[in-house]
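Chain naming follows the written order as A, B, C and D, and within any one chain the residues start at number 1.
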Amino acid sequence: MKIDPQVESKFSRLAENVQMWNTHHDNTWDASISENLTIIEARPDFLVFEFEVAENHTNGIGNLHGGCVATLIDLCSSLAILVSDEKHVQWRTPGISTELAVSYIAGAPEGTKLRIENELLRSGKTLANLYTKIFNESGKLCYSGTHTKFCMDSRL
Amino acid sequence: MKIDPQVESKFSRLAENVQMWNTHHDNTWDASISENLTIIEARPDFLVFEFEVAENHTNGIGNLHGGCVATLIDLCSSLAILVSDEKHVQWRTPGISTELAVSYIAGAPEGTKLRIENELLRSGKTLANLYTKIFNESGKLCYSGTHTKFCMDSRL
Amino acid sequence: MKIDPQVESKFSRLAENVQMWNTHHDNTWDASISENLTIIEARPDFLVFEFEVAENHTNGIGNLHGGCVATLIDLCSSLAILVSDEKHVQWRTPGISTELAVSYIAGAPEGTKLRIENELLRSGKTLANLYTKIFNESGKLCYSGTHTKFCMDSRL
Amino acid sequence: MKIDPQVESKFSRLAENVQMWNTHHDNTWDASISENLTIIEARPDFLVFEFEVAENHTNGIGNLHGGCVATLIDLCSSLAILVSDEKHVQWRTPGISTELAVSYIAGAPEGTKLRIENELLRSGKTLANLYTKIFNESGKLCYSGTHTKFCMDSRL
């Protein structure tokens, strides 16, 4: 996973978690999306990634696989917890998932460059809520998702 | 993907789709779950898989990755459309996803043998609804999911 | 809300909560479904209601309103927390909702007698997961739903 | 249901449906929210309501009932289909629900004036996808929801 240097210098919790992620995910399920994923923008409660669809992310009809969409939303929205606004509880780590829901709106074939926008709706003491929209190069919405996470900071 | 010979002989639409899947998914997103997946039981509107969690299905803390759970539910529940009861419209292919939602209830570490039960709630002319429960060897429910699919038979 | 006497005598936490509910919900949102709702069966982790659709539960085209379906699932599945099996943490009260999702499968016109089956999938220290299926008199599945609740017992 | 005169004059499909709604919903499930609901802003793909929580919208602990939140999202987001941008298929009526999911983030007690923002993500030939955010007077997000609808125009 790559990260824009300006984002890296401004958001330290995010930078640390990305660095840790890059060190420890050689053979995990999400390793195959890592090299195609770049953090390109961040502001409080909002984090944007770019991702290019490769052949090994597709389904039998040549579009981004529904399970890969879910994996992208899981990973990308989780990291948005680490750019939270001051009004929220500040989690040190992205916690674990309790619910993930995806709406499939339009397909994205191999080679598509996707823009993945993640919004942190709330992070409280126990739960965080996130919302993700994934657009293609023409600005067409292809997928959206909601994600709920459970804080694990106290158990670390 | 393997299939129990008795299931294969009794459910022809399922058998054809599994055979086609095995031929055409060498480099797709779900290829990495295929070799660990076996169809072990089927009856009208109900299809059961067994799946063993390997290292490349896990997340950074050693449990089955949330995105892999979503991919399993996507793939396994889709095939349950092909063992539909006579009261439903009979789809020839599993269509495309419109919505997928997962609840994460308990973790499943590497080596866990999961039982993936998929129920076809309805298949109509346009939409199908599916519900999945995933248990570990002790019978504990680890994950559940709902999946909605859109029929593509008329476009084939 | 009515309750079968046998269920009432066997499930004391449920009986107490139903009694409290009947005392305190004269003018709440769910009051208008109360008189048409009866608890007819219960076993550990499973609770069944009967409900007859009246005119004031319908939408503009004469079927049970989508918001009324959501309200029924909210209320009925919450009470299933109170018939939990020994393997779960025993909540004294049904807590508050964090997520509710409904699938609309078939319509139910005024006069339909619905069977509302609620399954408690898990109740832990913090969260509970429930699943609901609503059938008409012919046994056709009309609606299904998932519900996640947050325990408030420690704050009472 | 009230509608801002400027919105009414600019969005004719919306105005007609609101007028029809006001004529035909005396005794439906959503009648009890109608008098407290006003359309205050509209632009292509985006529709905003104001709603004041009254006692008969609350639950046993004095907050807006989860089922009333679902009913509000159902009704308000449906009408956003009628202010669609030119890039979408133009539905004449809001169709029927196939899926509705709500996240409960913060409570809203009686007297709260809510702002209900509804975004039309897509309306195609068969399905429409909507996303709703509900804020209190302080701009705090209290609830969010996703809604999928099925077009019925061809059957009218």
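Convention: contacts are C-beta pairs under 8 Å (C-beta built on N, C-alpha and C of every residue); 3 or more make two chains touch, one makes a residue touch a chain.
Please read these numbers as outputs of a predicted model, since none were measured by experiment.
More C-beta pairs in contact connect the chains of A-D than those of the other pair, out of A-D and B-D. Subunit A and subunit D have Cα centroids separated by 29 Å.
Here the spacing of subunit A and subunit B, counted between their Cα centres, is 25 Å. Put simply, the C-alpha centre of subunit B and that of subunit D have 35 angstrom between them.
The multi-chain contact residues of subunit A, meaning those touching 2 or more other chains, are 98-99, 101, 103, 148. Judged by the touch criterion defined above, the protein chains are all mutually in contact, each touching every other. By the touch criterion stated above, subunit C contacts subunit B in their complex at residues 101, 103, 105-106, 121-122, 129, 131, 141, 144, 146, 148. Interface residues of subunit D facing subunit B in the complex, by the touch rule stated above, are 98-99, 101, 126-127, 148, 150. Residues of subunit C that touch subunit D in their complex: 21, 24-25, 27-31, 55-60, 65-68, 70-72, 74-75, 96-104, 107.
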